[in-house]
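Below is one structure. I have some questions about it.
All chains are identified by letter, namely A, B, C, D and E, in their written order; residue positions are counted from 1 within each chain.
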Amino acid sequence: MIWSFDLLILLFMVICAFFVIQVKDLLGAAIVFGVYSFLMCLLWTEMGAVDVAFTEAAVGAGVSTVLFIAAVHRSSRQVKPRKRWRRPNKAVGLIAAGLLGGVLFYASVDFPDWADPSSPASTHLSPYFITEALADTSVPNLVTAVLADYRSFDTLFETAVIFVAGMAVFMILGQKTKESAQVGIDLTGGYEDTIIRVVSRALVPFMQIFALYVVGHGHHSPGGGFQGGVLLGATFVLLAISFDLKMVLGRMSEKKNLLLANTGVLLYSGIGVLSLLLGANFLDYSILHTLLPSTGPVVARSHAILGVEIGVAITVMAIIILIYTNLSSGGTNEKGL
Amino acid sequence: MLLNIVVITLTGLGLFFFLATTVGILRFPDFYTRMHAAGKGDTISSLLILLGLALYNLHHLSLSTALVSIKIMMILVFFFMASPTATHAIIDAGYESQIEPWHNDEEEQA
Amino acid sequence: MELLISSYNYWIYIILMMIGLYAMLAKNNLIKKIIGMSIFQTAIIVFYVSISAKKDATIPIIEHGKGHGHSAVISAMDYANPLPHVLMLTAIVVSVGTLGVALALAQKIYDRYKTLEEDEILEQLQEQAVSDSVMTSSGCDNDK
Amino acid sequence: MISEEQIPVLIIVVPLLGALLVNLAGLLTGRAGISLILTVAVLSLALAASVQTLLLVMEKGAISYRLGGWPPPFGIEYVIDHLNSLVLVVVNAVSLIAVVFSGRSVKAEIPSHKISLFYCILILLITGLSGMTITGDAFNLYVLLEISALTGYALIAVGEDRALMASFNYLILGTIGASLYLLGTGHLYIMTGSLNMGDLSSLLPSLYGSGAILTSFILITVGILIKMAFFPLHTWLPNSYSYAPTATSCIAAPLVTKVSVYVMLRSMFTIFTPAYVYSYLNISSLIVWLAVIAIVGGSLLALAQRDLKRMLTYLIVAEVGYMVGGAWLANRLGLTGTILHIVNDALMTLCLFMAAGTIAYRTGNLSLIASRDRHGSWDKSSGSGLAGLFKIMPFTMAAFTIAALSMIGVPPTAGFFSKWYLVLGAIEAEQWGYMAALIFSSLVNAVLFFRIFEIAYFEKSSGDMGIKRGESLEAPLSMLAPLGIVAVSLIILGIYSGDIVTHIIQFAVPLS
Amino acid sequence: MVDFFMTVGIVLFLLLFLILHRTVMGPTIIDRIMGANVIGTKTAILLVIIGLIYGRVEMFVDIALAYAMLNFIVTIAVSRYFMHHKNLRPSGYGLIHKEKNE
């Protein structure tokens, strides 16, 4: 951690958060929120949480903002003044926020000092992870090791959460017939922008290769299935933005996306079930060395972590595309942003 | 030592351009002029600073640091392609939403 | 002053949290509520990541060449605590999932009611309820 | 191939894989019919696994299962004791019955191309609830909480028009609840450095005086109270469950609140330990009084409703007050009553919602006072959509009557016994206000249900819609059979409640 | 040299404060987009600088690259919004309602 940066970024963030809430234009709020996420990512790298920063960069600054824009695109941008009879809400909000702030402030007095190496959080469990994880799993990136092995059950359900989210969006918005879309948009104006098209077409392959690299290299550097998956999904979003939705859906149809989302979770839980079938506990990868020739239990863990990450990446990519296509077209898959 | 001087010069230049960009973004009268400052100044300052950082990284020359420098250069190349495109897109958005360019009326009358 | 330096991180997350909670409860616009929700969730992430920070520690990725062979000593003091990072990766994923569902709901609500303002939607809902009961009491003459 | 030790994990793994399988089958075959069969198969397997686990626990005591093979404070651990194995059986049994019951209504209410997806999300909801019950890790609980919440939002939103706004409100409040829980866990983590519930309970005693621990307790409890719709925080529940599709409300209404009550018990027993919660904090009577307000408030609001399903949702709010109050009586009897009531209330609520679903399936009208049917095909003089139902749907109404009697607390039914324990606990703890609230709420329930009986028995139905007067219009067997099973089980549970207490619940109560 | 990069970082932050003023104050929505874009590119650079201060740039360049990409995507997405909705201010609704029944 670098405390001078820390203070500056936090100041930035509070300003941004305040203005996000105040701005009267939803698109403006989405943009300022994007800036807020950019800064948040910076804050995390500065505190040493590189994997969190990577995820936040991919999710918060990238995909969330695009999703906000897509949602605003399909609805309205306006924030109207509140009607008088709804005023009490403001009081409720103030009281609740005040209460929460008071309670949290009361607690914060008892906290160990910030960044104190002898705080309980840094001395109870984490030394074991730091000192033993490399020997246990042969993965230098401790976050990947803990994420995909020690706490892999959490991660399995994290993948399930994103799967559920995609399915939920499809369930809520997805329409089989195009006529049932109630809102028509004036789409005559959107002309084809050659510059954007050419540049995106040139950049997308490199971005996809980079995303695959992020998935595969998660053992040794920040990154992994989730970050890579979001980046892969984001490349398709870029294509959908610079060309149109049809072009992307021609390559990744909705059915294909749904299948891929299933496959990813299935791959993850399949690896878990495989170890169950071989007689070890669920998600105990070390047993898999009986299947992989000439590997010990430790290397088997490392390989299984890679398999798991690939599963996560597939699901996340498919779900990001699914959520974007549904949000930007109101579920019709007709024409996007 | 020479490397350090080059790095400091490049980064300093980058900072100078970014300062100019900031002044432009704050002081120019309308959107198009501000975008002119943002588009050009931002790109050149990013390129210069990144170039400086990539060079500094070669301090201890080895295969791994060279690889990292190549990666930084990749960011640079990416900016070189993406930043002007983004500028074009933003200008286009402004044009589409009918922002009137600024005119110095006094000068025209004179 | 020492107290300030040692815990300003925790205070600022409290401010972010209050802003988020206020927006979730008090804002009238659904998208604003969703933005408030995101701020609320990121504030929690700030809290957790602050826990993981350690003075003079580097990022939790074992440096190349360490931990192998004879120099197999990894000092726990040299690396930031990885556990909160793992938890927050999960939390970020959860928050993006919630965000997607919330935006989908907001959009569907807009399709249905043609507005994103909570008070206008509630008015429409009340009108609907009133018209339903009027329909039954007046013999359903305005039924179409 | 899979040994006995692996059975607990099957409760989670089978539904997770099953959900994916249902979705894949729906996608690949494009036929919706297969989804229901697969879902029932998957849930039966999960039920079998949970019953097996309960038997194992009764035989050998608490089981610990290491996920990924890592020892507890480092990896994630399942801890299955008498309390949660009982809740697991209830969760799986209720969901299986509800899914069988709602097969027809799903076909009627959900667009055909979304049916397999609907079942997939439904199974994931059950997975989330089972996972919340089984886990022994505080953070893992949060992830599973969010799974059950996200699935819940989606399942509610596919309901009728107004369900959208209800689901959105649920989402906002639910996210606040879950985030507060996460924040509370963070406070525990910063003070102790651990996330495992057992480990936490051993680390906490030296920190009892700390304000941060108190804050974490408040945050976790308030978060869970929002999730379980405790009275002033209940605002999301009535709209969500009354506008949701029948299948959703049949599964979510009995289970979500009960599992949340279980989570509160778990946090009180295992994380903070009774020593802190009851002795150190000394706030029992305050929370019991809050519960009194909740019970009275829920009951009064139920009285004001004009729609059967809405009335039932407010009864859930009142029942949550029972369980929270019972848990904070701080004695064995109160806790026994609470745990027994989790089981009984899940079944009673299921039975009532299923009966309401059956009536809605047949008549499409659940209003208690005046007909609000859009098509105007009901004579307004008939008053209620429930009029004459005893003649039209005798079996459904018989099941409804049993559940209603249980809700009121009439002796041979299950509801009586849990209330009896709660009342005894209240007397022992000398919480007269709570006892009065229990009796008041029973009276209100009696008034509510006898009003319905009166309408359904004495008033004549005069609807047309092809219904001839007095003709039996009983629901199909696939709906009646589950309804009958639940109704009968309410009586059986009542008769055997002594055995449940002596064999299971008394081991689940930590107080001596 | 690390001190030099610290200084560079702090100067960048201070300049970003000024640009943040443009981003949160407007005046038009497009000015906000412009400000966000500039902040995005500079954050990517700051990431590399933080990496240099930590002495482990190799771990940070991936994030910076991903950052640059996503910043680009976001900027394109926002500007495409104005291809469909040609109004600068959020007065009235951006969409043209076409009720099916009407």
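Quick notes on this one:
Operating definition for what follows: contacts are C-beta pairs under 8 Å (C-beta built on N, C-alpha and C of every residue); 3 or more make two chains touch, one makes a residue touch a chain.
Worth saying up front: this structure is predicted, and the values here are computed from it rather than measured.
The chains in contact with chain D as well as with chain E are A, C. Under the touch definition stated at the top, chain A and chain C share these contacting partners: D, E. Among the pairs B-E and C-E, the greater number of C-beta contacts is found at B-E. Ranked by distance of CA centroids from chain B, the top chain is D. The innermost chain, defined by the distance from its C-alpha mean to the mean of all protein C-alpha atoms, is C.
In terms of their C-alpha centroids, the spacing between chain A and chain E amounts to 18 Å.
Computed from the mean C-alpha positions, the centre of chain A lies at a distance of 29 Å from the centre of chain B. Distance from the chain B centre to the chain C centre is 33 Å, each centre being the mean of its Cα atoms.
Counting partner chains per residue, chain A has residues 26, 30, 48, 50, 63, 70, 72, 74-76, 79, 104, 108, 111, 119, 121-122, 125-126, 129, 151, 154, 158, 161, 164-165, 168, 172, 182-183, 189, 193, 196, 203, 221-222 touching two or more of them. Across the assembly, chain D contributes 139, 143, 146, 150, 153-154, 157, 183, 189-190, 195 as residues in contact with two or more other chains.
Shared interface positions of chain C, i.e. residues touching 2 or more other chains, are given as 17, 21, 24, 51, 58-59, 61, 63-64, 83-84, 87, 90, 94, 97-98, 101, 105-106, 108, 112, 122. Inter-chain contacts occur between A-B, A-C, A-D, A-E, B-E, C-D, C-E.
Within the complex formed with chain E, the residues of chain A that make contact are 2, 4-5, 8-9, 12, 15-16, 19, 23-28, 30-32, 34-35, 38-39, 41-42, 45-46, 48, 50, 53-54, 57-58, 61-63, 65-66, 69-70, 72-79, 179, 182-187, 189-191, 193, 196, 200, 203, 207, 210, 214, 217, 221-223, 227, 231, 234, 237-238, 241-242, 337.
Chain E contributes residues 6, 9-10, 13-14, 16-17, 20, 23-24, 26, 29, 32-33, 35-36, 39-40, 43, 46-47, 50-51, 53-54, 58-60, 62-63, 65-67, 69-74, 76-78, 80-81, 83-86, 89-100 to its touches with chain A in the complex.
Those residues of chain A lying in contact with chain C across their complex are 1, 3, 6-7, 10, 13-14, 17-18, 20-21, 26, 29-30, 33, 36-37, 40, 43-44, 47-52, 55-56, 59-60, 63-64, 67-68, 70-72, 74-76, 79-80, 82-83, 85-86, 89-90, 92-94, 96-98, 100-101, 104-105, 108, 111, 113-117, 119, 121-122, 125-127, 129-131, 133-135, 140-143, 145-147, 151, 154-155, 158, 161-162, 164-166, 168-169, 172-173, 181-183, 220-222, 226, 323, 326-327, 330. On the chain E side of its complex with chain C, the touching residues are 54-56, 59, 97. Chain contact summary for the complex, chain C toward chain A: residues 5-12, 14-29, 31-32, 35-36, 38-39, 42, 45-46, 49-64, 67, 72, 74-90, 92-94, 96-101, 103-108, 110-112, 115-120, 122-123.
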